[in-house]
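After this come two complexes, each holding chain A, first together with chain B and then together with chain C.
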Partner chain A sequence: MIGSMRDDDAGPDASGPDERALPEDHESVEAVARYVYGIVPADAADAVDLGEIGLDGSRVHLFVRGRVGALVHDCSAHPYDGGEAAAAEWVLAHHRVLQLAMSRWGSVLPMTFNTIVAPSEGRTADENLLDWLQTENESLRLRVDGLAGKAEFGLQVSYEPAVILRQVAEQNPEILRMEEEAKTKSAGLAYLGRQEMQRVLRREVEQRVRELFTTVYERARACSDRVNVEKVKHDGSDLKMVANLSCLVALDRYPELEALADEIAGHEGQTVRLVGPLPPYSFC
Partner chain B sequence: MGESTVRPEAGLVDLLDRVLDRGLVLHADIMITLAGIPLVGLTLRAQLAGIETMIADPQMREWDKRIRAQATRRAEAAQAIQAEKAAPAAAIPAAEPGADLGRGEAIVA
Partner chain C sequence: MRVDIDDDDLRRGLVGLVVALAEIVKETMQLQALRRMEAGSLTEAELERLGQALMDLDEAFDRMKADLGVDDAVRSVRDGLDQAVDDLVNNLLGAESR
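On to the complex of A and B.
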């Protein structure tokens, strides 16, 4: 009775991503499955229709069981799969539904993209979904209540290598001394001196960057409930990212995070990107 | 002074990882969170991130091997749990046969 997609996908038309799961298939073929966006606290057993705000404009409604509700839309028992443009739209739509849920219910447990509850062995998708909500009712309610009044923020700190390099070269006494010494030496010795200077310079820059990360992390942790260290990214610019954090922050403590961001950005050669409030994708 | 703090609206770049790789996942009747990429999420993600190119790199091949092994273990564990259930119920995230599997450790709630 597992609502797996695997059996459905084993058909001859499952040969390649381009030929399957066209967006319109999800609603027009057979809407026997339920795409789940997230879970909200819901005490009243009333069905809520959020309108056509879901993936590909699908109608999102609330399924309530006990003390929680699942935000869903009806779809075919087939995962969403497609090219970049379609995927981008889906990801944004998934996010918009959760943003709306967060502002309307004060808390939401986001589901991973493409979480689809399917019918199975004589049971409808609704029955499967309601069973799951029933079984996990208390656990889900505890989790969603635990996130009330909190949101996720993305904090990314980057630096300009050239600026940090210049600062270190101008300020580090050891390097200044080595520079002076190189001026008085023969060409061969000066070359060796410069090599050594480069080594020290690299070491000092690395040290500076490590300190920057530690400062950002510790300060972010001080005003957050939880902090996840994410992989740093490179956007092709001259900037190098030193910290990519996801922070779960109580909304009344957001000003502290904002002040931290401003303070970091106040230093020459450092750039900060602060995004949020977001549904707590990284903390559920 | 450095550049001022940038506070953009959350865009695709902020949401891809979060929406595709995180969040609650339904798997049989246990609830898990994945630190990494869920089944179909990775399939979709592969098209977005050019992961095939990345996997050409020896380090990425090793990573790929590792996550597949992890995912296999997870799938086997889930099957064992399912086999024990007299009345299994409900849902899993949509998955494709032969789809790339997730990375990261699953934490049973």
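On to the complex of A and C.
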């Protein structure tokens, strides 16, 4: 992922965090910087005004240099910073611009939220942006072309521990035998027997979960260009996430990923969340 | 920066940490007992005594956590440790796939 291009987060005229926390300042104060949404393939004549679809309704336009264009809006040099609700709105607006770019140009190289090109050392933001687009022209075009016709999909697979435990206990004769044996033993031996049974159960469940992850990962990889293994999340529910994958998939192969998701969800105790198509946030 | 610390929270957190660590030691002892049972190095009478002692220890832990009101604190320490291990494994897996 390409990070923020700003030279100095504080900026030459920033006097403190309080001033930077005012989101409405962005377009009105001094639009000396350029907020960059992403890079798209473009020809020199392809100078497009996308209208007021950006953050806080800012006007988004294409800033073309050579064979690529940067989708930008004019803004102040301060990063967007305004609390959780405002940030969620901005991130959503950022996402919508990239979605539109994907459908319009067939490919987009997304920038991280709050990527702002600011003026520096006597150079304007436009000069800095043009320099960067010029220097990286070929490599950016290659990367954008490499993403053509592809999108990111999030595939999250979770399981219900209680259901998997029950299935393992029912299907494993060793556990059934240990359970029966414990009933006939004295208290101390029965305790050790139950502990042993729990250990075997845990081992079997872990094995089952490992197999589930491997199956999901390998099948997803078979129909994707690239797969990233993301951190599993715990949402506080009874479900446990076993796989959280970001998949870069050619759109004509999406049905295979969808079929995989359906197949996984068809098993009792397993749930699937398939999200997309998304701009390729994890693959740029 | 000023940090407000409630005495009771601090006590519960500290006791929770100590009990969580003692619980991990207890589980290690349980694991050792099971290994010995599998290896067949103990007589049935010895196993009965060991099982009984571990069972009593389990009950003592449950009572202690309830009396001290540190059930949540212990769970939180254990979850934190589990999370730390999860993160480590995730990072290793993530690093491999990239």
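Here is the rule we go by: the second predicted complex is superposed on the first by the 262 of 284 C-alpha atoms of A that agree within 3 Å, B and C clash if a C-alpha of one lies under 4 Å from a C-alpha of the other, contacts with A are read in each partner's own complex, and residues count from 1 in each chain.
Keep this in mind: a residue touches a chain if its C-beta (ideal position, glycine included) is under 8 Å from a C-beta of that chain, and two chains touch if they have at least 3 such contacts.
Given the structure is predicted, the values throughout are model-derived calculations rather than measurements.
Chain B and chain C, once both complexes are superposed via chain A, fit side by side. When both complexes are overlaid on chain A, the residue A:Pro110 reaches chain B alone and has no touch with chain C.
Panel annotation: after superposition on the shared chain A, the angle at the CA centre of chain A between chain B and chain C (CA centres) reads 80 degrees, nearest 10. After overlaying the two complexes on the shared chain, residue contacts for A:Thr135 are found with chain B alone; chain C is out of touch.
When both complexes are overlaid on chain A, the residue A:Leu176 reaches neither chain B nor chain C. In the superposed model, A:Glu268 lies in contact with chain B only, and not with chain C. Counting residues of chain A touched by each partner, chain B versus chain C, the larger count belongs to B.
In the superposed model, A:Val227 lies in contact with chain C only, and not with chain B.
Of the two partner chains, chain C is the only one that A:Glu196 touches; chain B does not reach it. By the touch criterion defined above, A:Ser186 reaches chain C but does not reach chain B.
The superposed arrangement places chain B and chain C with a least CA-CA distance of 6 Å.
Residues 230 of chain A touch chain B in one complex and chain C in the other. Looking at the complex, you find that chain B touches chain A at residues 1-10, 12, 14-26, 28-29, 31, 33-34, 38, 40-41, 43-44, 47-48, 82, 87-97, 109. Interface residues of chain A, counted against chain B in their complex, comprise 1-6, 9-10, 14, 17, 36, 38-39, 78-84, 87-88, 91-92, 94-95, 109-118, 123, 125, 128-129, 131-132, 135-136, 139-140, 143, 152, 154, 230, 246, 258, 261-262, 264-276, 278, 281-282, 284.
Residues of chain A touching chain C in their complex: 186-192, 195-196, 199, 227-232, 234.
Within the complex formed with chain A, the chain C residues making contact are 30-31, 33-34, 37-38, 44, 47-55, 83, 86-87, 90, 93-94, 96-98.
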